[in-house]
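Here the structure comes first, spelled out in structure tokens, and everything after it is commentary.
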Amino acid sequence: MVQLKFPMLIINFKTYAEATGKRAIELAKTAEKIAKELDVCIVVCPQHTDLAKVAESVDIPVFAQAIDPVEPGAHTGHVTAYAVKEAGAIGTLVNHSEKRVRLDEIRQILDIARKYGLFTVVCAATSEEAAAVAVLKPNAVAVEPPELIGTGRAVSRERPELITNSVKLVSTVAPEVPVLCGAGIESGEDVKRAIELGTRGVLVASAIVKARNWESKIREMAQWLIERK
Amino acid sequence: MVQLKFPMLIINFKTYAEATGKRAIELAKTAEKIAKELDVCIVVCPQHTDLAKVAESVDIPVFAQAIDPVEPGAHTGHVTAYAVKEAGAIGTLVNHSEKRVRLDEIRQILDIARKYGLFTVVCAATSEEAAAVAVLKPNAVAVEPPELIGTGRAVSRERPELITNSVKLVSTVAPEVPVLCGAGIESGEDVKRAIELGTRGVLVASAIVKARNWESKIREMAQWLIERK
Amino acid sequence: MVQLKFPMLIINFKTYAEATGKRAIELAKTAEKIAKELDVCIVVCPQHTDLAKVAESVDIPVFAQAIDPVEPGAHTGHVTAYAVKEAGAIGTLVNHSEKRVRLDEIRQILDIARKYGLFTVVCAATSEEAAAVAVLKPNAVAVEPPELIGTGRAVSRERPELITNSVKLVSTVAPEVPVLCGAGIESGEDVKRAIELGTRGVLVASAIVKARNWESKIREMAQWLIERK
Amino acid sequence: MVQLKFPMLIINFKTYAEATGKRAIELAKTAEKIAKELDVCIVVCPQHTDLAKVAESVDIPVFAQAIDPVEPGAHTGHVTAYAVKEAGAIGTLVNHSEKRVRLDEIRQILDIARKYGLFTVVCAATSEEAAAVAVLKPNAVAVEPPELIGTGRAVSRERPELITNSVKLVSTVAPEVPVLCGAGIESGEDVKRAIELGTRGVLVASAIVKARNWESKIREMAQWLIERK
């Protein structure tokens, strides 16, 4: 059964060729293997065009990378909450730094996602932005400084204060909203620090997608999600 | 075998609920049936999330509704030419009135589509815009006055001069680029007039997607594509 | 001396012909007359092209209608905080419903405005959005339901609960941020109710700009800003 | 009397601090001095906020850096053709690489500019784009490869074939539309080559705005606009 729980590891496939088409399914299956092995929550975010096939191939949560703030109807080239749900997704990223949207659109997307029962993770560049979007009551916020994305310089190593500030600010205005983080995360150690700093999970893209060995890289990161007792 | 030829009937599924998920496959199969029965070219444009499954279900041309002007890589929520091709699409709409893009992006999209062998149909609101985009050498241009889209008032009845002007202007600057038209097309008679006015095909959305009987509506329109000798 | 204080009446000139060029100066002078007569705070927001001349003509606060999130440099057609300040503006509207910006841009605009000492009024469509932007610590937020803008159906009459909810939500997450409101405000009575509902001022556009008699309309509204003791 | 004629030197002030406020007027006056001294056409493009004061200070053509595709009315933060004309501008840049607009907006902007008698110079990144926009019949097109803008590596030295191709392609589809060029132009020699390659003028920004001596830099460039007999 597909289970969403914190802490979580979200793998963003972006539009990497290494994670497109059949390889998207393979990567998702690898993630599923580790998720079951370690009994942790790993979410995969394939491209829109791979959503349906990935969702029917694995038994872990599948998220869209983004949705548009529109309902079914006369919209060409748009991606609706309805369509991604029909395709088998159970959540979506919102406002990723590579797909920023207007504030009113974030609010509309959250309203529509709620209606269709989609889990929402809204990205933010700073702790202030994280707190602002937390006020809109998404299921989680993810603070990701754009300047570190794809650099291999992990936010949890390079800017720990950004994470602790985000956790603190969000807890002040919307204590029920979990904070995730991302950007530059490339090792298990980076994930460990992120969790220690108070986040409930991480977003990872290139470090996993472009890893020589998907399985070992995912395992390296996911092991830090096992709840300590 | 998938065959692209003029004249063509392009069915834009938009994000209509009636043409999402399983119903997208059913609608595409209905189009395929008529395409084979009449030996005409019918192109289906499902949503991104339905592209792969539709493409593997039918043997007629499948187009994306839009693509982004980016190559595979670090782009979240984007749709690449590479991905839609991997999903089985052989072409794409560009600059639909519900998904307008900047001129430089149209040019970039055409460059990328060419690289991946995708057939391109660029939409335009006026005859001047149609001629302008024709200069960029897409595989076809489609003139669609936005104010008629979805109205049931067919461009070929309401604004025949727009079509003849477009055909004339395009033939002056890029004679090799075929002109299609769309907006408000709802009957076989509308298709007939569009062809008589010099276009090489039509784009239809709601009139087919929301028809009570997909098969009879598609047949009604598609019969006018049979080449007269 | 230019004085900014609450409660305030903000007159948005938009791009109305009636408030362009020389008429922008006349309208601003009329506002100045009432501001001095009643000793209340009236802010005028002329178009970018009229900012400098309006600012040198009157001794009341002049705001830009919007600024871009960029510093001086290689930006063409943009409006910087630096430039509007040089032109004599002391504040700016942000994220007006006719000029929505992305959340990250709102944050950047606020950072830049702070740097240049510009007073910021961030618009929002709903009470949730108002609270979200309040977290970013602008000088004020203004809740304006887009569907009422320009209708003459005042937000304070039609949707009083939107105002009270906004005041309440904002006070929870950022109690120091004053709440204004706008949309459809057309009479002194509408202003009175807005103030009674807990706002610290109103935004008005067409009701004043298109009034037959600017002076009497402004006076009618501004009198409700006189602090009751 | 303000005179627009080819060849022309267009100075884009962008949002450079060096060309804001009083310094915008000074720079425009310097350009005016050389324009009269050499009897050549020099156009200045100050920021929106400086348009009115620059236009009343000089007797050479003043252009806006951009306008929005809207008429006067309920638009906040927009810049209309009507407003820039009221401010004294007689033309506008369109689709600058730092302010790209959609194709349909370019067409609308040209329609509106024509209505108000504004001279239009539409920018394009490639020769194909230049030809495409030329079909829309602006008063001129300007080909400016974005990758050279601000580099000091002049388009006329680095990519002469781009210029000759643009001139050739535009002359095929719209022979009456003059071609200008820009990007990296920093010396009189660069201007000379641009004219020799068939353009009817150049766009310059940083090389003039950031020159230690505005007058000598403008003279160095403008002398190549003197018509040879």
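A, B, C and D label the chains in the order they appear, each numbered from 1.
Keep this in mind: contacts are C-beta pairs under 8 Å (C-beta built on N, C-alpha and C of every residue); 3 or more make two chains touch, one makes a residue touch a chain.
These figures come from a predicted structure and were not determined experimentally.
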Practice item. Would you identify the chain whose Cα-based centre sits farthest away from the centre of chain D? Key: A
Check your understanding: For chain B and chain D, what's the span in angstrom between their mean Cα positions?
Key -> 37
Check your understanding: CA centre of chain A versus CA centre of chain D: separation in Å?
Key -> 45
Study note, to complete from the structure: Multi-partner residues in chain C (2 or more other chains touched) are 97
Check your understanding: With chains as vertices joined when they touch, what's the shape: line, ring, star, complete or other?
Key -> ring
Study note, to complete from the structure: Every chain pair meeting the touch definition is listed as A-B, A-C, B-D, C-D
Check your understanding: Where on chain B does chain A make contact in their complex?
Key -> 12, 14-17, 20-21, 47-53, 64-66, 70, 72-80, 82-84, 86-87, 93, 96-99, 149-150, 205-206
Review point. Considering the complex alone, what residue numbers of chain D touch chain B?
Key: 95, 97, 100-107, 124-126, 128-129, 131-133, 135-137, 169, 172-173
